[in-house]
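Below: the structure, in structure tokens.
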Amino acid sequence: MTEATARKPRIPIPGVAWLLIALVAGFSIGAPGFASGANVSNITQQATVLLLLALPMTLIIMAEGLDLSMGASLSLCTVVLAATSLATGSLALGIAAAIVTGTLIGVLNGALIAWLDLPPFVVTLGTLGVAQGLALLVAEGRGTTGVGGGLSSLWTGTVLGLPIPLLFAVGAWAVFHVLLHHTRFGVAVIGLGGNREALRLAAMPVRGSLIAVYALGGFFVGVAALLLAGRLDGGHPTAAIGTEFDAIAAVAVGGTLFEGGKGSLGGTVLGVLTVGVMRNGMNLMSMPSSLQVAAVGGVVIAALLIDAVRGTPRAEPA
Amino acid sequence: MNRTILAGALALCTLSIAHAADERIAVFTKNQTNPYFQVVRMGADSAAKQMGATTTHYIPTKPDSIPEQLSLIDDVVIKKPSAIVFTPVDYKAMGAGVAKMNAAGIPVVNVTDRSENGKFVAFVGSSDYELGKVTGRYLLQTMGGKGNVVILEGVKGSLVSSDRVRGFQDALKEFPNVKVLASQPGNFQRLQALQVMENLMQTYPQIEGIMAANDSMASGAIEALEGANRKSLVIGINGTKEAIDAIKAGTLLATGDYNGYLQGCVSTMVAIRELRKLPVPKEVVFPATVVNKSNYLPLDVPLDSRACPKWEDVVKS
Amino acid sequence: MNAVATNLSLTPEQRAVLSRVLVLILLGAGIAFASSTFLNTGNLLNLLRQASLIFLLASGLTLVVLCGGLDLSIGANVALSACLAATAMKATGSPLVGCAAGAACGLAVGTVNGLLVTRVRIPPFIATYGTLWIIHGVTYWYMAGESVHGFPPAFRALGSGYWLGVPVPVYLMGIVLVLGTFFLQYTAWGQEIYATGANTEAAALSGVPVLQRRLLVYVLSGGMAGLASLVFLARLNSAEGDMGEALTLQAIGAVLIGGTSLFGGSGSLTGTLVGALILTAVLNGMNLLGISANWQPLITGLIVIASVGADALSRRRRSD
Amino acid sequence: MSAVARRPIEPLTAAAPAPLFALKGITKRFAGVTALDDVSLDLHGGEVHMLMGENGAGKSTLMKVLCGAYRSDGGSFEADGRPVTVTSAADARRLGVAVIFQEYSLVPHLDIAHNVFLGREPRGRLPGLIDHARMHREARAVLDRLGLDLDTRRTVEGLGIAQQQMIEIAKALSQQARILVLDEPTAALSDRETERLFAVIGDLRRDGVAMAYISHRMAEVFTLGDRVTVLRDGRRIASMPAGEATADELVTLMVGRKVDMSYRRDDRPAPGARVLEMRDVSATSGIHDVSLHVRVGEIVGLAGLVGSGRTEVARAIFGADAVTSGTIRIDDRVHRGGPTQARGHGLGLIPESRKQQGLALSRTVGDNLLVAGLRRLFPSSLYRPGRAHEHGASMISRMRIATRGPRQVSRNLSGGNQQKVVIGKWLLAGTRIYLFDEPTRGIDVGAKEEIFRLIDQLVKDGCAVLMISSELSEIVRVCDRAYVMKEKRIAGELSQAELSETNLLRLAMHHD
């Protein structure tokens, strides 16, 4: 374990940590019911879908990549899940279809980026369009509900008293922690961001790793689709529009650099929670929605501002 | 400038009294950008004020975001308001959310968009289909029952859009001599409607009538016509302030009155009456009325000076 | 490694632009083949007018991207600027005051972005994403869900007027294209922007005031958003809180399809113009052919990938 | 290289008859350009095979082929006399080939141990997982062998360029290679680390490892080499036992024409006024109370071990790092502010790493030549591409830059020519005070002499030069005076009379 901790790229506590502490403290006093158990499980549950995108996004960004297609792809997966389940009458098939769809889009991203070495921003902006288009076409622009077959229990159900989404989130975090800190794949990810020539000379599969990172992202988009579909009890072609930007913001707020293989999964978790806590707290305090919109941006900038002031090393603005 | 002050005041009062009164109504609307929902919110506010209750508004930060409205529901259930006035951002996807409110034992009144699933005290709204039908019919009559029309649809897949368009089409059935040149989505957006019209006008030199599924698209179409120095009769639906002005200016033939303000008022009244154990109808659907040059005056007043009618005047059991 | 850019008679920029023009021509030919009306002067003028809006916005963004940055807030900036301009115009009845308000707002937002990126050193993507939300919030609060509409004809001419049979925005587009290209190709500032984008550190160590240049491009981008907001407002004759939201991705698309590299240091406004035209032609064609709007994102996405992918392949052919 | 001389390496005992590894008639082309043309090379166990040649002669390409980074377009390989194929880095590794690369192949945010074992991480008990304990243990051992006392858990980010090179070496050593390729390993090393490396090379030779060693330093050929092979324009020109070679002969073979290495500072008129002066300058980069001055018409050396703060001094003068105390005067006027102001005062910096700091590789030679001079050549800020092209073209011919003209992309130039572009950039900017940071690193002999002459010409024309170099011999040959740095401070100044490698070294070395 000591190795593992030492292995981690040294990241000072990101500013977002202080921000989160401040928010929690503030809301516990100011917002009725904020500290209640029910509300805490609310916040965590609401954060899970975003977290399932933000964790792989962390690795992708560490590998000097970006995935703008996640939101659209997530919507598509929910649609595919609903459509397949209704068509075949088997939820299992629907789930499989959703995960396959997500992974395929991830592989497509990775392949285009690795083989044509195109800028990830462009490729994934393109696949964003493709996924969004497919979702709209498959669902004919409207949502599908009444899948049944216990789909909604994916969101509401509990195992050993723990909400299933929470288990998904914890499981995902564990997977990513091991991948990043205890496997060659993790080394490759850091190398992709730090020095690809080095990987090449060390006979490590550069393109393979690149594709794998995006495929992994796609896979977890598929997994997130299970939760979202469970929450909607169906699929919707625009349900997750723009989620990728929230994920990227959470990653950056968490202190992961946009250049050169330096990142922190823990920071990402904090980033996701902070935005969630802020929205939830402001709702409980019945703050006007317009203020909430501004606050989202405020959190993002504040976190990086704190880092800047505290002189946390950051990548040169890209 | 006065708008700022107004908005500020709104924000303040909602903030300050939120905890004071004991009848707290949580009002859910789809977004904070579409003027229509602002009208609904103001109706709700004035109704609450008249009856001595307070309202708090819950609006997704991303317009019409399904996950966000679901989260809003989670959070509101924690706050346990006395009652909820609810517009689903999507008529199909909110079932789970409504179920959660029901489970929490909070009475929910469904307003404007009829939610496909969930248990409600009542539905308050207007019939999109009827509105489409009567407003469309009015246009076709004015056209003298002949000529070419173009339909501007809303967001594909949205119930509002499909119902209104269905209304248009059934109205058209009554006028066999009218030809439908095209029926294209403008996604309820002004700019898209504008550009769609510009493009269509290239293909069709003769367009006598334009049926827009909402007022924004109607004014988009009007801009397009003016840009091309062409004339045709345009109708919209919703009866927004802008539409009324356009009718005054003579650029818009008519708009179907969606009664946003009334919907706000009545839905909130129903919620409060339910709390006070007063009788409430299961459904309040406002008669579809066409607003045109002859009858727009009552609607042509600044929102903040409007007041909710008496319950008895609206609901004659 | 020893490979050498072939055919020195064309710079990479020029080669990229030419390939885009080719794509545009093929696309146009395709649509014209399917719909006779596509090539009507009227329709082509429409195309130009619709493209002009995207271009005005994308031109500022092009500078930012050339300088190695990114600006996600332009759409939100358009909304806020337009709303301010609208209310100012309503309050004073003077188009000039309105325009001043819109332009000022645009520039202000651009300056804030610039400072966040250059002084606080927040990565552009995040900084401008943050301001995007803040601007939206301010706009929503300011408009309180209402809309402002009905402006003096003199102002509306800016968006929907004609001069010598050509829409006014098209002239604006031409002016911006010429001035912008001149600025980039024929002034020291332009050269310094390219240099900064290509290798910021080397530029700085060559005495190029990189911080000022980076700040400058964000301010300009904000200014262009301000200008675009005015045209937009004049065109719609109405201001709402959510106007312009859809424009950001379109502008980014135009820049990328136009062949400007996100790595900075290479690209051109002409390319962006062609990019904007391609995007608009797709929309226009879909309306003319009555294709469901659901297809639009799919098609746009494919075009983005295809155009940039083509570049990559040709690059690969040229170097090993 | 007196430092090395003190630790002579015992001469070679009988080399193994069959070469450990042999390249036969290797050919490599890039987009039509032939980089290697039918090159053969034998690597014998216990032998150091020196590879010499100008930049672009094909040395590095040959090495990349040998280690599988490039696929050869023709030719074959033999290991212990048996034919083998090398088409990937993995193949080469399996055959026991390890390479110490010139460009650092380290990953900044990985710790030292991970870099040393990159791609060879010891597997743990659970499948797929890395055994960190073992990895760090083994890394520790290798570092100790190189006398490198760095924590193996430290990320390599922020390590000095010399330490990075040492880790490169550790990486290669840890592979227990039978064939070790060293591509200019000492280019970045100070003499102290060089000494250490040579000792290790001696051990490896005794262990029977076959080594191929690329170098631009004559001294190394004779202190280390058992056999020399000279490459020119991708062809093998000659191979001979190192003993039989002479410096002049080798240079002639490499350059293909006669170059006189006899460049000596011919007497220049006495230096004029102080144009540049630092008084007790400390900077955020860590340098302390640095005081020095440079006069018109003189070349002042700035020596010291790598990491002693030489580059930081240059950056402080140029305004690239913030000065915290002390004053910098130019022409007796206090100079503050960043590079832009510095350029305005006639300063020019030729930075340490051309590729990262000197050039925009993606832009054309012309663009790079013009970037610093824009303000001077186009005072109105109106940029005229036509005139710019002329300026570029004239500078290309004046600097004898081997390129097809201002519109060629800089990435495709050889190291020496890229360096000339960087210098030309400042000539066009009308620079009076030049700060050269390792101007000849990784540059072949011919180009080196050219650059020395150029510097000489500059000072003759009334410019002032401050030159940083790790090659003491260079300082001695080229400079009129020199300052020596140690631990971020000026350790002393040597007048022309005192200027000698031993004196420089004495001031530079740590006495601990």
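Labels for the chains are A, B, C and D, by order of writing; each one numbers its residues from 1.
Quick note on the criterion: a residue touches a chain if its C-beta (ideal position, glycine included) is under 8 Å from a C-beta of that chain, and two chains touch if they have at least 3 such contacts.
Since this is a predicted model, take the numbers as computed values, not measurements.
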item: Touching both subunit A and subunit C (chains); value: B, D
item: Most distant chain from subunit C by Cα centroid; value: D
item: Computed distance of Cα centres, subunit B from subunit A, in Å; value: 35
item: Between subunit C and subunit D, centroid-to-centroid distance (C-alpha), Å; value: 44
item: Subunit B and subunit C, separation of their C-alpha mean positions in angstrom; value: 34
item: Gap in Å, rounded to a whole number, between the CA centres of subunit D and subunit B; value: 72
item: Sequence positions of subunit B contacting 2 or more other chains; value: 7, 10-11, 32, 61, 156
item: Numbers and ranges of subunit D residues touching at least 2 other chains; value: none
item: Residues within subunit C bordering two or more other chains; value: 133, 136, 140-141, 144, 263, 294
item: Which chain pairs touch, all of them; value: A-B, A-C, A-D, B-C, C-D
item: Of subunit C, residues touching subunit B in the complex; value: 35, 37, 40, 42-43, 46, 49-50, 87, 91, 133, 136, 140-147, 149-150, 160, 167, 232, 235-238, 240-243, 246, 283-284, 287-288, 290, 292-294
item: Interfacial residue positions of subunit B with respect to subunit A in the complex; value: 7, 10-11, 14-15, 18-19, 32, 56-62, 64-67, 70-72, 74-76, 78-79, 90, 92-93, 95-96, 116-117, 155-158
item: Contact set on subunit A toward subunit C in their complex; value: 72, 112, 116-119, 121-123, 125-134, 136-137, 140-141, 245, 248-249, 252-253, 258, 288-298, 300-301, 304-305, 308, 314-318
item: List of subunit B residues in touch with subunit C within their complex; value: 1, 3-4, 6-7, 10-11, 31-35, 37-38, 41, 61, 63, 156, 182, 184-185, 187, 189-192, 194-196, 198-203, 216, 219-220, 223, 226-228, 240-242, 245, 249, 303
item: Contact footprint of subunit B on subunit A as seen in their complex; value: 32-33, 36, 38-39, 42, 45-46, 49, 136, 139-146, 152, 155-156, 228, 231-234, 236-243, 279-280, 283-284, 286-293, 296
